[in-house]
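Before anything else, here is the set of structures, which you'll find just below.
Look for chain A in each of the two complexes below; its partner is chain B in the first and chain C in the second.
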Partner chain A sequence: MGLFSAPAYAYITARVRARKKKLIPRDTYPKLLNMELPEIIRFIEETEYKKDVDELSARFRGIDLLEHALNRNLGASYRKLIEISRGQVNYLVTEYMRRWDIWNIKTILRGKYYGASEEEILDYVVSAGELHYPDLESMARRESVEAVIDSLQNRPCYQVLKDYEGGMLNRIEDELDKFYYARLLDAIGDSPGEKLFLKFLQTEIDIKNLKTLFRLKRAGVDREGVQNAIIPGGLELRGPDLIRLLGLSFSELIHSLDGYSYWSSIADIVSEEGTSLTDVETKLDAYLMNFASRISHYYPLSILPVLDYILHKKIEVDNLRIISRGKELKLSNDVIQNNLVM
Partner chain B sequence: MVEAEAAGLIAIGAGIAVGLTGIGAAIGEQSIGAAAIGAMAEDEKFFGKGLLMTVIPESIVIFGLVVALILLFVF
Partner chain C sequence: MAIKDTIKPTRSELIGLKKKIKLSESGHKLLKMKRDGLIIEMFEILEKAKDVRSELERDYAVAQEKLNIAKTIEGTVAVNSTAFSLMDTPKIELESKNVMGVVVPKIESTSVKKSITERGYGIIGTSSRIDEAADAYESLVEKIILAAEIETTMKRLLDDIEKTKRRVNALEFKLIPELYEALAFITLRLEEMEREEIFRLKKIKLKE
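For the complex of A and B:
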């Protein structure tokens, strides 16, 4: 980090640390579990989500209001990070946030493929990347998958989308993920903080691949199908090791993971008979979050504290959504708690 | 002639003492000031603490000033 780039990092890291302090503390979640949905909404109205809930309360009610307020707040918080950062940190945050562009494009394509209405599609978009809400609205108004792809001709991801030849979207979605990670990994410089950021991203790729392996192996998908969905560039799951795992059955897979650093976080809940994939994914997400928290203190003036905030904000929104959806569906507190990432 | 040269060198020394400590303080303050403003942008209550933290590197300039004054008035 140069002498003149230090203030840019000092400014953004001070802001994200202050923002992280405002997140809902971990010990509040058990209290929320004992509340009913209207009480949860009232509680959320008294937090950082107040403005979003107030502004959307004329259009939505109940759980829909909460969903929209959470999505809007998440998008606004992430967009703010792009606005208030400068230099290399701005470049990295912008590249990192492109995952929301990919998420939104996938959501809109899927919506169009299954004939969802414009409103239904827009319920699930999070305007946090390069594509602003009006762009997403205009995409959601298009009449077909092909028309949505045409509207993205000036965007970098078009080089992947242009290969779409009709039919199922799985392939194009996998390619979008690969495109996103390849571009992000390329953007990372060689400062010590960015090297750790690279390690985090590689770990994230491993965790994504591990989730894919669990899901597809459980579903009995063949080797080629799994291979297409695997994102290259992982930290531990790579090269011959990864190729070996691709060829294994589900039961062989869970016996082969011993030795990877991720195994300790899921060893207790994985078994041949009854592995809950939701539980595995929750534990892996918690592993990733703890990893980010741990490394965020290594280089205080780097992208790492920003990354830590980004992850914690996402986890907060996910947890609030899980609690409110769980309450609406009258799930037991134990079931809801098991799905929370803490 | 020699006395005049010595006085000139003392003056240059005093200038360097204040100048370099000023630059050092500025380098320290740039990051602290940026962080303080960042914290204040999120919460105005940080104003007092932020201001205090920002001026802490100024103390090094006082050392420079003391050295300069000693050079000018003692030697």
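For the complex of A and C:
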């Protein structure tokens, strides 16, 4: 692990730079925000998403069609990265993209638990990781949650799934997410670029843990319940510090975050009464994106430009969905704008 | 058909009629009291129903907004996938209670409001937008159940007020006046018959 291969990075970084140039420029989003919904749809249909929109137009309508087309394009773009990368880059990208495999496995397990049809389940999967659509189809065809788990015996996540004892899936879902991060952290080598990638990932873990702490503490969940949903391996929230935070109440928690670098981004919107955590989550996500943007150009021949493209592609898909769905659901421009990453 | 044609002008009929009048008048009084009581009850429920209805509309708007935000930011794919996490449906128990003789429903619900750990989805892979949408919809369902109980009670009370009002009016404007008319008729007839009897006795006495 951790092999640094300059030629492999040169090829993949050149490819992702070319792909990044095709992304919608940031200054387009404010313009889209001022457009009417039909104009936005027309705009999206004139971009690289046209093919996906056309191919899905028989199954979906309206903004649902757009959302599925965006997800499909995102999946295809990410899978392309796995296909064109070699060596350690391929290993890292594949491990990073396993978050989509985890997402799809969770969706299929939930669907089976609920008793949804195969078609319904497959509408909500995004084939962007190692598991291809036919794999997901075959999983969705299985009879039960247990049968789906059995079908994953040859996959790494089986070591987590085999502990499922029936009933609700929340515990196993959290364990899958923790397993994903643990594997990814193990996969990262010690080249300078990968060290920064590790720092990004640890920051992402911190952000996720911070969100979990906010959500569960506000809901009054006990220490053990919170601990079960905490991902090990964060950057600042770790060791005795994290153990201390687990035992605090919501109001004590927000008074204890002063020393952490994340606090400055949320200090002005967090309050004890804190009616909504959605703004807090939006600010924390923006913090992570800013961090990723800052490090993305440090080492041009490393995993960082690839990560930069992965994140920018996701931002593009999210922004287009937020604008079009927000317009359809008549959300105010302020709400839409506050949730865009620009 | 006139009342004179249907009743017999006898003393026993008169006694029976007087009993009927007494019963009708006390029934009328009781029904009037019931009607007034139901109207007072109805106004109290009406205030509650108005409050619940406006709270319901407000909660619906909030829940819809929270869901719209979750659908917009997380995507409908994420929201719908998360929605599969819960198989448990709210349970409703229907009982009844008696308000001044009117049987109204009492709805008890369980498994509506859930804690974040009982909703079935993992915490790490979801967001507070999903929590807030779920929370808002749980509150909305609770409010719908409460509104159903209050509005059904109101409807039942209204039906019963209408029924009681018809009975009071029937007693007041139809039955009791008719009974009095019959009473007057029998009294007059009996007096007439008494006068005839005296006249007849006088005639017999004169012949002797």
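In the analysis below, the second predicted complex is superposed on the first by the 337 of 342 C-alpha atoms of A that agree within 3 Å, B and C clash if a C-alpha of one lies under 4 Å from a C-alpha of the other, contacts with A are read in each partner's own complex, and residues count from 1 in each chain.
One rule holds in what follows: contacts are C-beta pairs under 8 Å (C-beta built on N, C-alpha and C of every residue); 3 or more make two chains touch, one makes a residue touch a chain.
The structure displayed is predicted, hence computed values, not measured ones.
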Q. In the superposed arrangement, which partner chain does A:L301 touch: chain B (first), chain C (second), both, or neither?
A. first
Q: May I ask you to decide whether A:A14 touches chain B, chain C, both, or neither, giving the answer as first, second, both or neither?
A: first
Q. Counting only touches as set out at the top, which of chain B and chain C does A:R141 meet: first, second, both, neither?
A. neither
Q. Counting residues of chain A in contact, which comes out ahead: chain B or chain C?
A. C
Q: Considering only touches as defined above, state whether A:T278 meets chain B (first), chain C (second), both or neither.
A: second
Q: Give every residue of chain B touching chain A within the complex, in rising order.
A: 27, 30-39, 41-43, 46
**Q.** Contact set on chain A toward chain B in their complex
**A.** 3, 6-15, 17-19, 22, 84, 301
Q. Which residues of chain C touch chain A in the complex?
A. 68-69, 71-73, 75-77, 80-87, 115-125, 127-129, 131-132
Q: Would you mind writing out the residues of chain A in touch with chain C in their complex?
A: 64, 67-68, 71, 102-103, 106-107, 110-111, 113-116, 121, 123-124, 126, 168-174, 176-178, 208, 211-212, 214-216, 219-221, 225, 229, 231, 276-278, 280-282, 318, 321-322, 325-326, 329-331, 335-336, 339
